[in-house]
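Per-chain residue numbering starts at 1, and chain names A, B, C and D are given in the order in which the chains are listed.
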Amino acid sequence: MIAMFRAVLYSEWKWSRLVVALGTVAAFAIPLVSLQGAARADRGALQAQELLRSVQSWGTLYPLLATALGLLMAIAAWAPDHRGRHIHALTLPLERWRYVLLRFGAGFVLLAAPIAAVLIGSSLAVLTATLPPGLQAYPIALAVRFAFAVLVAYAVFFAVSSGTARTAGIILGVIAAVILVQVVASIANIDLNLFGAAQTVLLLGPGPLAVFTGRWMLVDV
Amino acid sequence: MKVVIVLLAIAALARPAIAQQRWERQVQERVQRAIDAVATSSRLPVVKRSGMLNTDEAASFSTTLVQGTSYAIVAVCDDDCSRLQLTLLSPSGSDLAKERNSESLPILHFHAETTTVYGIRVVMEGCHWNPCWYGIAVVPLRKIPS
Amino acid sequence: MASLKRWVVVGVTACSVLALAYLPPRGATASGRSFFMAQSRQGTRARQRAQALADQWRGADAALRLLRARREVQELLREAKAGTSLVVVSESADVTTAAPPIADSAIHIAWRQLGLGETKVRVAVIIQLAIVSPVHDRPTIEAGIAAYLAPDSTDRTTCIAVLPSGNYWTRFFRGERRDGAPFAFEALVQTLKSGLGPCAFYAAYGTPGKSVRAWLVARGWDLALTLDAGARGPYGNSLIEMTDRRYPWFWEAVYSVPPTAVACLASRPTGCRAAVLAGASDDPSIPFPDLMRIDRRWGRVPRVVEGQRFLGDVARAVGRDRFLNFWTTALPVDTALAAALKRPVGEWTADWQSGFVHPIRLGPAPPLGGVAIALAIAALAVALVGVTASRRQVR
Amino acid sequence: MSRLLGLVLAVSLLPSPLRSQDSLVVRLRRQADSLLGTWREAQLLADVADSLEQVRATAGSDTIAVGGLRIIVNPSPLPWREAAEHAWPVIDSLYGSAAEDLSRHPYIFRAVDPDSGVRRTVLHVGVELPWDLDVRATATLLLTTVNAPRFDAALADWLGSGLRPTLHPQSERAAVFVQLLTVPSEAVRACFLGDIAHCKDVLQLGDSIGLLERWYATPAEREALVASSFTDYFARGATAPSLQNCRQHRDDACTSLLQSLPPGSLPRPLAHAARILLVREALRAGGRDAYRRLVARPSAPIRERLASAAGMDIDSLVARWRNAALAARPKPLTLPWWAGFAAIGWTAFFGLCALRSSRWRL
């Protein structure tokens, strides 16, 4: 089974190594750049407020990167199988659910590199920076959150891209239907706010996508 | 302590001119009742003092006690005061008598051996609503022929 | 394997180059740039110096005014009938006159609304009327800055407040503005009620014990500005309470207050405790004369959000007797306050703060529920793929 | 020993405290006087510094003069001259001969890099704006920052806004037309139907007695007004019961609530665009000196000022205003010339995308 995993891992690495490498460099760069306002021994620091403003605005890149990595890795995981109409996968001497787990696991192992890059980058940045008094750094919490976001994005897109074009069509159709209903409701002056409801259910509080939203503060009070 | 004494002095100067407050009237009445209670047969005048103190503040004044006369020194305070300490001081400033047990009505009994200026100090040991008013009466009881 | 090594080397080299370029952080001096694109006009350095001097003069003038006022107040109290605890006069261009009747009745209503009757510490209010025609030989008096003199600096039973009334109320008092009189009168009552500031606390609870008083003096009485702020309004008094947190300027407002206050907004007891107990010292010292100058102008940065009503709310929460025990305590402030609250100061303050601003989330940690649901959905998605894959057939 | 000291001190200090207080007063007075002196000197220096800063800020700047407009600006890609040439005729047509007075108050602008990350020097003089505005935006900026010459408070109060030139007179008239047609007020409706007396009422050109009944004539209007604009305002305190009664269709409650509002805070049936249009009509009718006549007597009633500016009686002016508004009935929806081309273009684009789809290449 380990040999099988290594084979799957190697094949997936070949398909996605560019994504992994670029993602890792980007994940390493964001925390470094976001803390440029912090002081060095021989320079003045930004006011806490300005430093936090800059950290907050750079922070919006982490969920974007996590989503992009999840999406691209998921596509890379399934694209060759789709092209080969899954014949190769079906001919393997392996239960198919195991095959899916191997694919998923291999992808996530590759995604560990960008996650580690966020951890290392943010730790290096906060170790070499002098923060204004009253502020503290959260490199581990940031890396953990990034890991969660990458995992969720990867899993969701893994499921979507594993499906057929029909599945993708159904998903797009559902989204289009929601938009249509919302538009018609607002024209008919019906008090129906599907987007607001979707935002509340998915993004806010304990929603499934709440892990992406909110503020990704490497440094905060 | 010095500031407190300075402030006390300001109060002492400013107070009498101003319309009395409820608590001050209360203390004056209590002093009078105390004087009436301690029946005096002496012709010597009764010395009265009153003022206000915050918790843990002290005030002192001096008065002359006449040789061979027994005195009752009574201190009272308003309803918000829970404990008052009364001390009689010798001219050198050493304690002659101290009453701190009877909470808001300390009384000292003293027989003056010589006619001289004695000090009387009152300490506001417990005041629930600052400042608390206090009143002191030095009541000559009787002259004992020597 | 060789290709793997090559890619790893490429990645590590790229990261090292980035680290060399960006570490340690470059640092920068504050740009002072406004959050908005166009910056508003600022005075020249010379103008700013003149304004700073004007402010110093206002401070000295207020102190002088208060000390001079003591004698006048003695006169007023002498004339007042027994049991009078509030006297009001007005002053314009250094001339003291009787208070305008509307101001007099408004402040007496405010006094009653605060539940004050005959009090041990009397309050003398001097309403400083604005000079309508502008004078150029001295700085104008700022309406939002009031000055107070503690009882221990007068006759020990009188707290004096000098309240500049500003152009609007001055014109209102003079009958030049009567628009919406009932509403304006209501507003006047509220203005004068909060204007009583520390004097209202002196009147209600007497002179504080040394540790509490030194603590409040050190903080400029910022936690005891309003004896009774009433029920919490739906909108609040600070930008943080008024702004919708979905917008970036909410966080601009949050980060404009000190870090301890931000931590308190996040319901962190340690932050709340530090924010509230700042200024409490083991070796309390009180200046003499004890002059208090309080700036209520919009835009000042509070040490605690809604801090102006903190002690008023504490008093209402714990009841008069327990509050008086704290107020006159000889113990250190933190011990006495915790004893009055019967809870650690930080915890109580965090709960109190959350009544004004729903606790904010600091740092990058996601909501735990969100993480759990997200992981469940991820697992479900993978399981779904597993199931569909096992059904897959080649046609 | 210290007790003795305390005692002695207490006795000795009894008469002294006020003396010590007096010396403190003297010291404070001296401090205040010296601060006042320093402040006066600092004020003089600050005045000089401000004037120097004015000179410094305008040094190396271009002065653009178009008609009565004087614009002092730092070198930048902004099309100031073209913008001023667009703006001046509009300004001149509004203020007429009074527009010449604007040359006494030059405008100082500082064009800055629109990139908000770029560090900028502190602004002491003038107004800052990004240098990437086009001619129209710059002209609009000039029109919106121009200060009406000798514009008085009485006129501003009645108008409810400043009196500035506009690049869109037609849309302003159209907005007034829509108001006349849609505002839920019998008085406005009557004005729309040609009753000039009601027009004068809703434009507040008559006396202000019984304004509430004249603006909001029916109980339904008054109740709707309370419900729509003042629910929060009246919901607390002594007015809460009256609000409840008003909600239960008690007109006396609604009327008393609205009458208790501060004068000037009763919502006007017609928004300020209607009054601005009236002033524009008066100025258009009165010729080049109309504006001078309008601002000549700030103490006179508005109707007299408008009549003297327009050179006609107020009824005729209001009738002219009404006709101008009615003539501006908004056009029905029309397709711009490019809409057809855009539709065809997009159709072609997506058609090509469909033809290139991989599904055709299996």
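FYI, a contact is a pair of C-beta atoms (placed from the backbone, for glycine too) under 8 Å apart; a residue touches a chain by one contact, two chains touch by 3 or more.
Keep in mind the model is a prediction, meaning the values are calculated, not measured.
*Asks:* Based on mean C-alpha positions, I'd like to know which chain lies farthest from chain B.
*Replies:* Farthest by centroid: A.
*Asks:* Looking at every pair of chains, which has the largest contact count?
*Replies:* A-C
*Asks:* Which whole number of Å gives the spacing of the CA centres of chain A and chain D?
*Replies:* Centre-to-centre distance between chain A and chain D: 48 Å.
*Asks:* Report, in whole Å, the distance between the mean C-alpha point of chain B and the mean C-alpha point of chain D.
*Replies:* Between these chains, centre-to-centre, one finds 71 Å.
*Asks:* Need the CA-centroid distance for the pair chain A / chain C, whole Å please.
*Replies:* Roughly 41 Å, centre to centre.
*Asks:* When the centre of a chain is set as the mean of its C-alpha atoms, what distance in Å lies between chain B and chain C?
*Replies:* A distance of 44 Å separates the two centres.
*Asks:* In chain D, which residues are in touch with two or more of the other chains?
*Replies:* Residues 21 of chain D touch two or more partner chains.
*Asks:* Considering chain A alone, which of its residues make contact with at least two other chains?
*Replies:* Chain A, residues with two or more chain partners: not present.
*Asks:* Mind pulling the residue numbers of chain C that touch at least two other chains?
*Replies:* In chain C, residues 31, 33 touch at least two other chains, as defined above.
*Asks:* Over in the complex, which chain C residues touch chain A? Could you list them?
*Replies:* 3-4, 7, 10-11, 14-15, 18-19, 22-31, 33, 35, 248, 251-252, 255-256, 258-260, 262-263, 266, 271, 361-375, 377-379, 381-382, 384-390, 392, 394
*Asks:* Using the touch definition from the top, list the residues of chain C that touch chain D in their complex.
*Replies:* On the chain C side, the touching residues are 31-33, 37-47, 49-50, 53-54, 56-57, 60-61, 63-64, 67-68, 70, 137-139, 179-180, 182-184, 186, 289.
*Asks:* Can you list the residues on chain A that touch chain C in the complex?
*Replies:* So the residues of chain A touching chain C come out as 13-14, 17, 20-21, 24-25, 28-29, 32-33, 35-40, 42-50, 52-53, 56, 59, 85-87, 89-90, 95-97, 99-101, 104, 113, 117, 120-121, 124-125, 128-129, 133-135, 138, 141-142, 145, 148, 151-152, 154-156, 158-159, 162-163, 205-211, 214-218, 220-221.
*Asks:* Provide the residue numbers of chain C that touch chain B in the complex, in ascending order.
*Replies:* Residues 74, 77-78, 80-85, 118, 120-122, 151-152, 154-157, 205-210, 288, 324-325, 328, 330.
*Asks:* Would you mind writing out the residues of chain D in touch with chain C in their complex?
*Replies:* Chain D reaches chain C through residues 21, 24-25, 28-29, 31-32, 35-36, 38-40, 42-43, 45-46, 48-50, 53, 112, 114, 116, 119-120, 122-130, 237, 260-265.
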